[in-house]
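Okay, got some structures for you below.
Shared between the two complexes below is subunit A, which pairs with subunit B and subunit C, respectively.
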Partner chain A sequence: MSSDKIDADKLTSLPSPLRRKLLLGMAALPAVGLLPRGALAQALPTDAVNTTKLAVTDSTVKVGILHSTTGTMAISETGSVQAEKLAIAQINEMGGVLGRKIEVIQEDGASDWPTFAEKARKLLVEDKVAAVFGCWTSASRKAVLPVFEQYNGMLYYPTFYEGLEQSKNVIYTGQEATQQILAGLDWVTKEKGAKSFFLIGSDYIWPRTSNKIARKHIEMHGQKVVGEEYFPLGHTQFNSVINKIKLTKPDVIYASVVGGSNVAFYKQLKAAGIDLNKQVLMTISVTEDEMLGIGGENIAGAYACMKYFQSLKNPNNEKFVAAFKKMWGGESVIGDVTQAGYLGPWLWKLTAEKAKSFDIDKIAAASAGIEFTGAPEGYVRIHENHHLWSKTRVGRARTDGQFDVVFETADLIEPNPFPKGYQ
Partner chain B sequence: MFEGYSLAELGSIFAMQGFAGLILFSVFVLMALGLAIIFGQMGVINMAHGEFMILGAYVTYLCSSFISTYAPALFPAYFFIAMALAFLASGALGMLVEWGMIRFLYRRPLDTLLATWGLSLILQQIFRSVFGAREVGVVLPDWLMGSVAVTDTIEVPINGLFVMGLTIAITVVIYAVMFRSRWGQGVRAVMQNRVMAGAVGINTEKVDRYTFGLGCGIAGVAGSAFTMVGSTGPTSGQLYIVDTFLVVVFGGAQSLIGTIASAFTISQAQSTLEFFLSGSTAKVLTLLTVVVILMLRPQGLFVLKVRR
Partner chain C sequence: MTRTLQGRLFGRIDGDIAGILLLAALLVIVLPLGLDIFRLNMVGKYLTYAFVALGLVLCWGSAGILSLGQGIFFGIGGYCMAMFLKLEASSPEATKIQSTPGIPDFMDWNQLKALPWFWEPFHSLTFATVAVVAVPALLAFIVGLAMFKRRVGGVYFAIITQAFAAILTILIVGQQGYTGGINGITDLRTLKGWDIRTDEAKLVLYFVNAALLIGCILLCLYVRRSKLGRILVALRDKEDRVRFSGYDVANFKIFVFCFAAALSAVGGAMFTLQVGFMSPSFVGIVPSIEMVIYCAVGGRLSLLGAVYGTLLVNWAKTMLSESFPELWLFAMGALFIGVVMVFPNGLAGLYQQFIAPRLGRLLLRTGTRAGAPIIPPHTAAD
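Up next is the complex of A and B:
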């Protein structure tokens, strides 16, 4: 039913053959890139950069931010919103994208997945935004994905996630599971001589898929999984499983507990006399954001495996952290996902400039190979599968809520959302 | 799963496991006592119970940052001050809510469910606006962290002991207040027959207000104590509300003894099952058992014998 309407839309918006020829000529003009910034808008008329009736004028382009600012996920998603707004402000200061200032339309997903889908539809159909930066949980991404594919929108998704997904309409700026997990397991094996692992996570798709990959990798290397446990989201009593950990004496506790449960888990570990300076614990779910609630003194000594830590030492990151604190206050902390959120607007800007167009199809096609040298985590590049090549790092939690980076992979790790042998 | 362990190891694990069950029991009782008074004695379905707990947790948070800044010498003992303040804050808010909202709804129990649900959303948003959407970290004095080594292999968490002690103390106080004081007699009289209690000169409105305040105040103390084991965020209260209602309903809504017995049954079942099965399965089995027992005994474990 609705597909008829779409086709009609597409037909009316198809460029005339003459205009298409003109466009091709434009794209071939290398001189465009050399023009001073102010001249870009004139050099790239709106008709040329926007052939699908997106909300683009001669001086502005509209984008959407779609995160939860209310409800239970607001805790996590606030950082992403802040980072995306910072990136957009910086891009506007530099003259915007293709000579056009970015205007933001922010919608609240309210931690409710149908609401996410509804707001995504609103952003794409009514506001006709050129790109959306948003979603946090896999559930919200799965809810909006059909909307983005149906109405042909572009989503930049910041969270590390379980993989097993790839779409023309999504750029995944966080790590997929194998990128985050494998290097960390190899490191802990080599560095700590780990032979046995206890896997513990919250009971939903991300921890379960991640642990499935982790278990395969552990068993492939002749090591042992001595326990695998899942707890409902929001579970607050971990004493029984802590006893089980004490009984099985694993070399490594491998944790992917999320949300409020996290706080309970680490506080109770500490109270039960498990000293994380002696017992190796590796987590893939605790960033600087979560540390605020857990309290540094309760988790100090644990290792976290992800691609970004606020304490990373490189010029990009120092600039980013300073700018973030200037905009959002000196107390704010920046976790892995917040940094990945910051990448979204920049990658979109670079892609639009390469494609010399805001058209979704051209952005999607031009995305592969886009390089961003100014990323706080260091150089990143978009893979053909729309995930990022990125390094994996291991950080050790300090009492002040920050991490000491103790390891980083030498090379960028290839994203592999459909890992063979791990299914 | 027990191959390769010595008898001594197994013994100490079972001892610790028994203790884990007792801690869970104390936590359940602490959560449920306030609600048992409000739901059981007054018949008000208070969906905002979790938020009253979190108010207590936030008071503890404020107290910890205030005292560590202005009176660091008092820090080791701040938790007791915080619990007293949490009781007063939650109790005062409870009385305010009773006066402004609940008292108009005593004859419409289902409406109180909606009204207090709305209240819980309002309180969550207030917490979010005041304290931020992120969880806050409550710093505990050192003596509350860590564990006591009873033997080489048996370690007992101190905060668990603290929660147990607190639960016993509060239960004794509640018992004394409800069953040994004149005021408690008044509360029970109003609950049994409101009209008659009013006729013999009990100020039923006042009794209602203080009862509701007492229940909320206890919720505040519970929230304050739970900063030791759980998280403090705007929506953390939601983590407790289901378990709390489960304990109260399973125990028989009008019986405090029933609440305690039900907390004991559920906590022991859950912690034992969690040890032998996995976390989620344990929860499912516990809930299934409760559902089956409630089908056979809809009034809960214990029933108050009164003539209607």
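Up next is the complex of A and C:
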């Protein structure tokens, strides 16, 4: 798979004057690092870049990181925290943002949605941070969204999610549902000749919305959904649904089971004699992080539909993986959301430099069209609807907990959080 | 007998009232002057849990009925208020982006085409306000009737309340089209056109909350002072003797359980108003147990102790998690173990054991004999 080649070709062929300007800017960035400290800050006085009393001084700018470091979500969110801290450390090494070093205030959402809201309010009202990188579950995002809109903050949200949302105050660096689902379904139809699907998911908004979109797409193409089942979060008994799967014999099992339930689900599938090398299973909820818990031998052969895999071969990703392992240990793995978390600080930095300001309104206005060529997933760009243009990829799980990338879309997929015809 | 005395930790009538006045001064004067609106709103949020703790002081401290499911009532109270606010926030104009405008956003996401029947009455604020208290009280009545008439008590009752908390959480999460699921009911904006998200509104709500709390403390005090209150203590200490004296023990237990439920629900409704959303994370087992901990830290026999306990635990939670986002849970654990091991009667016990006697002596010496509280001996181990 020569995805690096494709990426490079794609990049150079993109005709965008803004991109060229940005590339020039990027080229000049090392020079910025050579300037004496604060030289850029003097060029851009604090009064000018910060008219709304954010926590910006001549030499520093404060940002918040708001994830769960305790509770049930900690295992998932830790990767995002690490990626965001890595990005911030790298940006600081390059001289910071508008000549100002980034200072991080980290808060713990404790896997508890009200706590997220309280901490978000604290970051915006007390600390007056210029941006917040955080949240993971849809529930936590829904809890903080009114806070960000009320106090006019900026949130960079890393998780792939169900869509149906768009806010001036949020940049969604993960993919919304159609970006994750449609291309994967088309691929499995073409490649595996799939005619029937069995949808199974955890019972909350993301799997339900995702499956709604998947079902519409499947039925639009004359294929069939032979079963659709949901289980409470944390559910561990999948025997009954596995029996149904055996009875209905779907061409594809389409899974959006999340968290700890995954471990039970894949182990029980294996125990029931369903060999994922023969039975096609496509998941939109298993990344390298979940593979750690499931165990490669239990899920090897399954297909995952994501925008990023740790095994992606391109120079950006190789640098990113090496830097991540250097900072957080050689054992650490990087999943789709972790990579999306890494994009947040970079996109914010690029936006602030385009806007020449930290003001939230100016950042929000300048976000559309921001391009980041250094993304590990390859080139990304912010859409007017504050989601990212990005590719969809399909990976096949290996026993060692990594994925072989077997497919990627030729073009960037347009984010469409309110898909017509899929509602 | 000593335990009843112990129940009145702040001495006789004068002591109780003085304590309440002191608390009122703290809540209404000291905190608003000393804290900015952000922290004050946070205190307001903590105080909503104090309603639950008050209920537990009566239910658990006085009557000896340990409920590990108070989150149920806190949650239902909160949800009733949230349903009203959500309907107000879901006007057809505000939700015209949806496929079915005029219904709450989460219903639209779950492909509901019309408002479910049980949501309809929540268009009325009067109905919602009554429901805040009535629905939890009714549920508590049914649970209480089923349990206490069959003489289920003690540990069994505690476990059953836990089961109810778990059931309700699963119900709310599972029926997401009707309840908002795990996300809860979010993005509440106005109360009868009054924006509850502004700083002024938060200040007003804080004072309303504080006033309600003081009112509830007085109500609890009245219940405890009444004959009813003494019967509750009697049935805690010697249930059979009360029964043989001709009282129907179950009715008293049902009453106090419903009373505690209604108090919790008021707290829940105030929570929704101040925080701006409600989610199933307040209904389950963990928050219910946390609420018992607030009460235990403050002292389960003392109304005021429970309020201070709630404030202390939540304040510590906020401060520790802000300062040590990765380690704070350990510190909280240490705090709880410390309290249970060293001060089994909580803050109030501590006050009674160490501070009150000295205060008493001090007051005696200065000659204000009449105002000096009578201090019962510390008899935790009787």
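Methods note: the second predicted complex is superposed on the first by the 385 of 423 C-alpha atoms of A that agree within 3 Å, B and C clash if a C-alpha of one lies under 4 Å from a C-alpha of the other, contacts with A are read in each partner's own complex, and residues count from 1 in each chain.
Please note the rule applied: contacts are C-beta pairs under 8 Å (C-beta built on N, C-alpha and C of every residue); 3 or more make two chains touch, one makes a residue touch a chain.
This one's a predicted model, so the numbers in the text were calculated from it and none came from an experiment.
Once the complexes are laid over each other on subunit A, subunit B and subunit C both fit without any clash.
In the superposition on chain A, contact is made by A:108 with subunit C only, not with subunit B.
Within the superposed three-chain model, A:416 lies out of touch with both subunit B and subunit C [touch as defined at top].
When the two structures are aligned on the shared chain, A:92 is found in touch with neither subunit B nor subunit C.
With both structures placed on the common chain, the touch criterion links A:292 to subunit B but leaves subunit C unconnected.
With both structures placed on the common chain, the touch criterion links A:70 to subunit B and to subunit C. By the touch criterion defined above, A:121 lies against subunit C but remains apart from subunit B after alignment on the C-alpha atoms of chain A.
In the superposition on chain A, A:152 contacts neither subunit B nor subunit C.
In the superposition on chain A, contact is made by A:229 with subunit B only, not with subunit C.
Within the superposed three-chain model, A:203 lies in touch with subunit B and with subunit C [touch as defined at top]. After superposing the two complexes on chain A, the shortest C-alpha to C-alpha distance between subunit B and subunit C comes to 5 Å. Where the contact sets of subunit A with subunit B and with subunit C meet, they give residues 69-70, 203, 232. On the subunit A side of its complex with subunit B, the touching residues are 69-72, 74-75, 78, 203, 228-232, 234-237, 239-244, 246-247, 259-264, 267-268, 270-273, 289, 292-297.
Residues of subunit A that touch subunit C in their complex: 69-70, 106-108, 110, 112-115, 117-119, 121-122, 125-126, 137-139, 142-143, 145-146, 150, 162, 164, 203-205, 208-209, 212, 232-233, 418, 423. Partner subunit A is touched in their complex by these residues of subunit B: 5, 9, 13, 16-17, 19-20, 23-24, 27, 125, 128, 133-139, 145-147, 149, 155, 157-160, 226, 228-236, 238-240, 270-272, 274-275, 278-280, 282-283. Residues 38, 41-42, 45, 97, 99, 106, 109-111, 170, 173-174, 176, 181-184, 186-189, 197, 275-277, 279, 281-282, 318, 321-322, 325-326, 328-329 of subunit C are the ones touching subunit A in the complex.
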